Amino acid sequence: MDFLLDIAEPGQSAAPHAGPVKRVVGIDLGTTYSLVAAMSTDGGPLCIPDAEGQCALPSVVHYAGQRQIVVGRAAQQLALSHPERTISSVKRLMGRGLQELQKDPTHATPPWPLQDGEGGMVCIDVADRLVSPVEVSAEILKVLKLRAEEALGGPLQGAVVTVPAYFDDAQRQATKDAARLAGLEVLRLVNEPTAAALAYGLDRFEGGADRQGLFAIYDLGGGTFDVSILRLEQGVFQVLATGGNSRLGGDDFDQRVLTEIVTLLGEEGLDGQRLQACRQLARNTKEALTTAEQVNMPLPLPDGTVWQQAMTRSRFETLIEDLVRSTGLVCRRALKDAGIRPEQLQGVVLVGGSTRVPAVRRYVAELFGREPLSDLDPDQVVALGAAHQADLLAGNKESELLLLDVTPLSLGLETMGELVEKVIPRNTPIPAARAQAFTTFKDGQSAMAIHVVQGERELVSQCRSLARFELRGIPPMVAGAARIRVTFRVDADGLLTVAAQEETTGVEQSVVVKPSYGLSDGQIEQMLREALTHGADDMRLRLLHEAKVEAERVLHALRAALQQDGDLLSTAERELVEASAGRLLESLLVEDHERINQQVSRLDKETTFFAQRRMDRGIKAAMQGRHVGDFA
Amino acid sequence: MQQPYQDLQRAFHPDRFVQRSATERRLSLEQVTHLNRAYQTVKDPLLRSEYLLERSGQGGAIDEKALNREPAFLMEVMEQREALEEVEITDPQAMQRLQSLRREADQRIAQELAALRALHGATAVDWQAVARCNHRLRYQRRFLEAMDQVEEQLWQQDG
Amino acid sequence: MAVSMTQRAAERARQMLQKRGTPDSAIRIGVSTAGCSGLSYKLEYADQLQEADQQFESHGIRIVVDGKSLLVLDGTEVDFESSAFKSGFKFTNPQVKEQCGCGESFKV
């Protein structure tokens, strides 16, 4: 790998790995295509192409014999001859269970058998092995990672990965797991429409006179639909409301055309290969109808003849009409949640390849009463925004831009009668925390079952079950005397943790649950180890390298903090901090990642009071001259 | 209120702390979680009123069940629910009827909000009356949600 | 003992010196002891010469190297690379035996 340097002022050369620019990327892990983008040397984000100049990597993974894996266009080709070994649209299976998929009427049967996997998550049976959707997604991400590392000239130091705004907790967690499995450090999960807004908003508003406005982002991709209503003000992108359907997209348009073709063919019981050929034909037909009024659909038959029929655009539009219209309901609800009327919007932005369908554009124009904006490539805009956000998170440049997002779905608990009690309603700004108090209903009750669900409906059975756990060791009391406090926390990635505690007796009985779907941290580590084909030695080197990079980063941050706020420390305290930093420096000389990691966390502990003081100073500065009354 | 909210977010949001130590990242997350909670509470008159009641320490003395049993309240609830149940989604006039119900509910909400402002503005706050007002507002909010669900059925019906 | 710059690198260095307003200054090349494999390169503007400095010239650009660094840098050629996602000076040092994964630091 070649390392490139810039000329520095005398004596100003940066310490290694603390350099001003970090190699970070934005990744759009899509249902049909995935992309990776980074900041270019010209200053703006650009998608990184493969050796043939193509940016979009088909999200298709082919499992050949002898553990060979093929990803992308080549896999797409192999799907025609080996549909049972080729997985596409795996995003629709992310974070979902087998039963749940079977109950879902919109779920089209894939050409590979599905099974129950670990943690209740679905698993795919590809010829000679079982793979989870997380593993399949990781294969796609690995290809993008490699592509980016070649273009950027070194290992990546972080990535922003985008998810549909309407993804639930399990789907988000699965995406993050896939990124970790691919060896990426996830800086943040960012919602796709918000990333798109960042890409758009910048171009339009930075430096302009009018830096304020309300926007709707209409994002219809290959398998998911999102709408977000945002307020853009002085560089802050504040999401007011979001809505969507994580099982609606261009794939469903293809499915409608496919059904039509199969009906026209008049044959029953098509085998996997024929069906795959029809599926490809359906997709080509849909794409051609974007510009053409009528398209011929030729299909070679086994007897050597060619079957041929035509489809008009108006027939296609009839086939998909109800799907397109179903997005309207979601948009109206989002507008209502945001407290906005369509005419208050400054613009509607189209994102996602499926917004190329003329019927979709017409419908959006009608729905919002204005022509939508689509000057950026709807396939690339999400990745471009993600790259920009990655650059901001890496601290590569000073900027006032900030993305503020919300929870897409309400989070709640099961209460008596299988009803849901909402704890964090949908469209709550994140990070968020909310606590709810419950009590026992039987005398001497010593345990309480806690069932965490996500969704808008009143009945538990109609919501998504996220986690079940039990708070044990409640001291014997009469019914209603115990006070059990259940706390929900949603972090900046939109991921949930739940804790429960009995408060009256002072007995600390606390359980913290991170809903887990299929993969535990240990399992991911295990898989990473197995995936590293170079054996244990390389693993050790990699861990050592990571530990050193982290140590250098921490030391760099501490030096900066001491320079800026060193006056917050007494001489004795400063000596303490310096000594701790010295120990970490010494540990760097010993080639042992565990030693280094220990010293990093020790330094972190020993400087907690300093971090706290710096934070307090920051808050005081921010609140200066303001009174509590200002906030009332 | 929007301005200080944005300023504080800009200063303390976890996105600003990605490159910092674990402790600083945790502190940032905590601060912004509080900030979001405060922002939402202050922005919404009902949440604000509930928070003020809680802070007054008078909340414990309020009997929620008794509030539920107040005859005037019960009468109102029944009338509204019945009127909503009478809206047939196949009726071509359904949307108009729903909108008139919504106007009524909006009016009630406006009245309760005005009452709340007066109650909280008094030198000696009548917390029992505040609790009654909060309770009625909470109910009206739920009624609005029920109406939303009927409305969505109507939207779905005519696309 | 010598170090050199390619034509492209010299061209770029000239541009940067001009932009900085010190077209007659030299470019200092050196090594420092840090990084994950031991040593790392330094590239700086040089307005003043130090005692142990040695001077070289490539395509009209003056290069200075301190004596200690020269031991490690002998034979090094500095090139300039530029593409859509990365641009900067690249060191090719025949003495390097091992470098870290990112290429930022090395051992001789």
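By letter and in written order, the chains are A, B and C; residue numbering begins at 1 in each of them.
Heads up, the rule we're going with is that a contact is a pair of C-beta atoms (placed from the backbone, for glycine too) under 8 Å apart; a residue touches a chain by one contact, two chains touch by 3 or more.
This structure is a prediction, so every number in the text was calculated from the model and none was measured.
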item	value
Chain-level touch network, classified as line, ring, star, complete or other	line
Chain whose average C-alpha position is farthest from chain C's own	B
Centroid distance [mean C-alpha coordinates] between chain B and chain A, Å	30
Chain A and chain C: spacing of chain centres that average the CA atoms, whole Å	41
Centre-of-Cα separation between chain C and chain B, whole angstrom	65
Shared interface positions of chain A, touching two or more other chains	none
Footprint of chain A on chain B - complex, ascending	1-2, 4, 6-16, 18-24, 27-29, 31-33, 36-40, 42, 48, 148, 152, 155-156, 159
Contact set on chain A toward chain B in their complex	158, 187-188, 233-234, 236, 238, 322, 325, 328-329, 332-333, 336, 392-395, 400, 402-404, 428-434, 489, 491-492, 553-554, 557-558, 601, 604-605, 607-608, 611-612, 614-615, 618-619, 622, 626, 630-632
Chain C contact footprint on chain A (complex, rising order)	1-13, 15-17, 38-42, 46, 48, 151-155, 541-542, 544-545, 548-549
Complex contacts: residues of chain C adjacent to chain A	13, 16, 27-28, 32, 34-36, 40-47, 81-91, 99-105
